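Next, two complexes with chain A in common: one pairs it with chain B, the other with chain C.
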Partner chain A sequence: MKLQANSLYIERSGKQVLQGISFSVDQGQVYALLGGNGAGKSTTLLSFLGFLLPASGQALIDAKEVGADIGAARKNIAYLPESASLYEHLNAHENIEYFLQLAGSAATQAHIDGALDQVALAPDARLRKLRDYSKGMRQKVAIALAILRDTDILLLDEPTSGLDPNAIDEFHQLVRQLADKGKTILMVTHDVYGACQVADKIGLLHSGCLVGEFSAEDGNSIDTEVVHKAFSASAKSPSKISQTEPA
Partner chain B sequence: MSIVNALLRETKFISKDRSVCFWMAIVISLSALSLGFGLAEVNRQQATIDKLLIVDQEDRAAQIEKQKGWGGAAYYSFHLSYDAPSDFAFAAIGLRDVQAWKHRIRMLALEGQIYERDVGNPSIALVGRFDFAFFCAFIVPLILIILLYDLRSSERNAGRFNLLEASTGQANNLWLLRASLRAGALYLCLIVPLIAAAIIAGTSTGTLILACLFVLAYILFWTALCFVVSAWQKPDAVLLMTLLGIWISTAVIIPAGARLAIDKAVTLPAGSDILMLQREAVNDAWDLPREATMNAFFERHPEWADYQAVEQSFEWQWYYAFQQVGDQKAEALSKAYRDGRLKRDKLASWAALLAPPALLERALQNLANTDIKASIRYEDSVRDYHAELRAFYYPKFFENQAFDKASLEGLPEYKAAK
Partner chain C sequence: MKQILLIAAGEWRYWLRSRLALGSAFIFLLLFFVTSVLSSWHIEAQSHSREHHQSEAEDTFLAQPDRHPHRMVHYGHYLFRTAAPLASFDPGLDMVTGQSIFLEGHRQNTVMFAESAASADFGGLSWLSPALIYQLFAPLIIILLAYGSIAREREAAVLAPLMALGVSGHQLIAGKALALLSFILLMLVPLLISSSLALNRGESLNALLLLAGFYFIYLSLWLALSLLASTVFKKRASVLLTLFGLWFGLNLVLPSLAVNAIGSESTAAGKIESDLIMMADLRKLGNGHNASDPAFTKLKADLLAEHGVDNIEELPVNFRGIVAMYSEKKLTKVLNDYANKRMMAELQQEQALVRFGWLSPALAIAAASRAIAGTDLIHYHLFQTQAEAVRFNFVQGLNRAHAEALSYQADINRNKDEDSWKKARVDASNWQVLDEYEFQTAALSERYSNAAQAMRMLLAWLILAIAILFWRGGSIKP
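Take a look at the complex of A and B:
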């Protein structure tokens, strides 16, 4: 499935948050949206979920406008919100079961354990209530949930927030594997290095404008230094940055 | 299939929510407590009536035994009248707290006897009893508000709202299901103790079904209100204050304001005024020419108009005649009091349409026969009974029948109000 933003304008509380951004994510690709606070990254994700409808332009999933059938669009999407707060009075298994049932899917205990293994959540923690979890552990449960949804599209909002460096590396590998299996992944992050490591494309957002876009080619990753410089430059002077040489 | 699954999912989810379980425990406890109080009070009242029925007969028989004439027999005999609690009175004690539900009347002037009351603690009467109707009408909405006001906002605050809505295709169904399940659980916690108490009290099935339907409609009203308000994208405090404001308006301000307005619009004589007027009329009669009393009496009883009062000596005929004339003089005031209370009740029933808590309480009291109409029906039945006693004794007085104790076995017995 393909995600596409066409001249997407979004308003929130009378303020123009996205100002005509356009990009696309093909099946099997990871697209990382980079930007500072308030750049419009999360807003972009929410527009693909139908929480925010465009003032003009389009958010498309497989060439179908999200707003035309929000329920159908959401069925194809696993969403990992920033600082995913699952239910604290439930344990990891119960949380995952609940949210899967809510989405109309189900998983065996073995499948759930498999996903929790993938995110390296310690087995002895899985039956403890989430109120006893660290932020990183909660994030792992949320990531496991997103994996188990087994949808064609993953929207990840700051997915590595709260994870330790090892877990971040493992998560990036996991994202890569999922993309290689044909998932379409749109990820928003502050993490330039992580984005360069995992993404096929990086979009640089500043004040609601897509000020730069970088692509990996020939199986190589995007040059971190180049993106980092552009990221810093965009923060100082948000003029349009032309495509810089990919690594 | 999907509805059943969703129901099972949310039921399982709610059963693990400690705050919901806590409030359900509170509801079932208070429901059982209020019904327990009601059953105890109704049993106490019924036991009092049962005991009085025996004591009343024994006392009357003992008094009659000592008498040598009709006048004395009528004077010294007391006659029990009572308003037995209905099979649903345990759930709505209503006016049985403040209105008399038993009398021991005599052949004397009646109106004063009707408005005599047992001595009670006025501060307790002011507070009222904690019965099921009060609990349901006034406390349950507060618990529903606590359970439902942050249905969505708590998820927003916890950062789960988008995930929940993104996970389910039909987000509204989720909130509706959650609200329905919480309200449904609360309803069960209310109704199960009510059904148990109804079985103990032998409540008729029809009454119980109606009561359950009234409570259901009431819970649905507050659930719908909370559901609509909780959908506003406002801070928790705003949602809570809005719902509490509606509760205070409908449970306190509107009923209190309506009562003040109705009391001002429909003025009533006090029961004590009726008692005083009738007593003064009776006392004054001792000093009036007997003809004046007897003429007033014959207006109501022309069949005894041939009777000639004797001026010099005491006569029971004259004595009972001025007792009745005392009632006749208080009649207009008594009617104004009766009609005024019914008019106030009628207006209050209209005002209750704006105050659902008062509406439910009135509906349950109506089912339980503990409202003002039931109280007035009982007063009327006492008047009817007293009229029967007069009809029994008057021929004996005015026809100068020979005293025959055996015929007193034919004294009318009180028949409960329908």
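Take a look at the complex of A and C:
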């Protein structure tokens, strides 16, 4: 499935948060939206979930406008919010089971354990309530849930936030594997190095404008130095970066 | 539907794990149990006492020896109102109106408390009845359970992933509402169990179900208001503050303001003032103890003509007894006119108070509950009307004995000497004029019709709250 933003304008509380951004993510690709706080990264994700409808322009999934059938759009998406929002009074198993049932899918305990193994959540922690979890552990449960939902599209909001370096590496490997299996992945982050490591494309977002876009070519990863410089420069003067748009 | 059921089950799991539902249910049950036991004990004791006093009063009246019949008119008789079967759940106005009345000739006495204990409330807590637990405290339990239902998910940022799964705002609200509705149904079980005792006292099952139905609507309204606040406000603290404010305003402040407003608006004359006016009207009717009063000249002429005699000594009946009957009839009509006016004024005040139910659902449910329980003003008036009928019948029965069983000569000479005094007595068998009395609540259809306006108010509140909730449900966003 393909994700596409066409001249997407989004307003929140009367303020233009996205100002006509356009990009696309093909099936099997990982697209990383990089940007500072308030750049409009999370807003972009929410527009693909239909929580925010465009003032103009389009958010498309497989060439179909999200707003036309929000329910259908959400069925194809697994969304991993920034704060790994789950129920604190439930344990990892119960959380996953509950969310999966609400999504209309089911998984055996073995499947759930398999997904939790994939995200390397310690077995002895799985039956503890989430109120006793660290941020990183919660993030792992949320990622396991996203894996188990087995949707065509993954929207990841700061997915590595709160994870330790090893877990970040493991997560990036996991994302790559999922993309290689044909999942379409859009992640937003301000981790330049992580984005360069995992993404096929990187979009640089500043104050609601896409000021730069970088692509990996021939299986090579994107040059971190180039992106880092562009990211730093965009914070100072976004207009200069827009001229460096390579893709 | 599956999602709604899952959300409802999820809510129950949250309540049980947070011990919120268990704690709330425990507090509610404890309050209900204590008030039910106290109220049942109180009503049961009063009922036994009233039945005992009633039978004692009847026995005492009937055991009176041969006497002058008019002495029996003033000896009088007591009537006791037995509590309505559902009074132990909702004592309503019984707590403040009194349940016994002294019946005698020429007067309509005020209803009073049979025993000093019945009106003694030194702690000021006797008002805490099981019905009041449902009217005042049950909404607080609903608020405690419901205030966080949507706001909690929003605060924990669970709303976004939940809705991203395809759960709509309407489904979310429906699931939460379903969980709360099931809790409300459980809350009504104690009501049904406690009020089922009324079945043994002759109450119909339909009355119990109707009562439970009214409380279901009322508590559902609080459910809808709580969910609405939880949907509108982002922070749980704001939701709780708003709902407590609403509860305080609707359940305590508005009813109190309404009672004060109606009291100050009332144009009805006070008891002393209206009694003085009535006494002046009664004097115009003549003195029934004095057969020579000019007020009875026409009666005398008509009676002499009817029997074709020249003086009252020749009449086959005792003219003094005839005057007593005639006078009592006229006097009772005036007394009844005043009583009807007073009851009408009281009813108008009550109806004005019930109309405040459009502003305060607590007033509406209180009125509906009293009406179904048979402890409202209408039943208080019913007791007074029935008591008056008993009074009139027994007084006239004695007056008839005065007219027919005692000669005029013996009557007028009764104070001459001891022997004359003895001759001016009639046989005690003439005292069998008392109707057997037991207070009965009105038929359920009538009670339902008395509660209909309050029910319309509750339904209007509920429909409005659900409509706004439905509208807000469509716009729930993370």
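Note that the second predicted complex is superposed on the first by the 240 of 247 C-alpha atoms of A that agree within 3 Å, B and C clash if a C-alpha of one lies under 4 Å from a C-alpha of the other, contacts with A are read in each partner's own complex, and residues count from 1 in each chain.
As a convention for this text, contacts are C-beta pairs under 8 Å (C-beta built on N, C-alpha and C of every residue); 3 or more make two chains touch, one makes a residue touch a chain.
As the structure is a computational prediction, the values presented were derived from the model and not from experiment.
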> After the match on chain A, would you call chain B and chain C a fit or a clash?
Replying inline: clash
> When the two structures are overlaid on chain A, which partner does A:26 contact: first (chain B), second (chain C), both, or neither?
Replying inline: neither
> If you stack the two complexes on chain A, which partner ends up touching A:117: first (chain B), second (chain C), both, or neither?
Replying inline: neither
>> Taking the superposition on A as described, I'd like to know which of chain B and chain C A:225 touches: first, second, both or neither.
In response: neither
>> Tell me the contact category for A:180 with respect to chain B and chain C: first, second, both or neither.
In response: neither
>> Quick check for you: in the superposed arrangement, does A:132 touch first (chain B), second (chain C), both or neither?
In response: neither
> In the superposed arrangement, which partner chain does A:164 touch: chain B (first), chain C (second), both, or neither?
Replying inline: neither
> Across the two complexes, what residues of chain A are contacted by chain B and by chain C?
Replying inline: 46, 49, 51, 71, 74-75, 77, 79, 81, 83, 85-87, 89-90, 98-99, 101-104
> Within the complex, which stretch of chain B touches chain A?
Replying inline: 2, 5-6, 9, 13, 16-18, 158-160, 162-170, 174
> Across the complex, what residues on chain A touch chain B?
Replying inline: 46, 49, 51, 71-72, 74-75, 77, 79, 81-87, 89-90, 94, 98-99, 101-104
>> Considering only the defined contacts, which chain C positions touch chain A in the complex?
In response: 2-3, 6-7, 10, 13-14, 17-18, 156-158, 160-168, 477-478
>> Applying the document's contact rule, which stretches of chain A touch chain C when the two form their complex?
In response: 46, 49, 51, 71, 74-75, 77, 79-81, 83, 85-90, 98-99, 101-104, 142
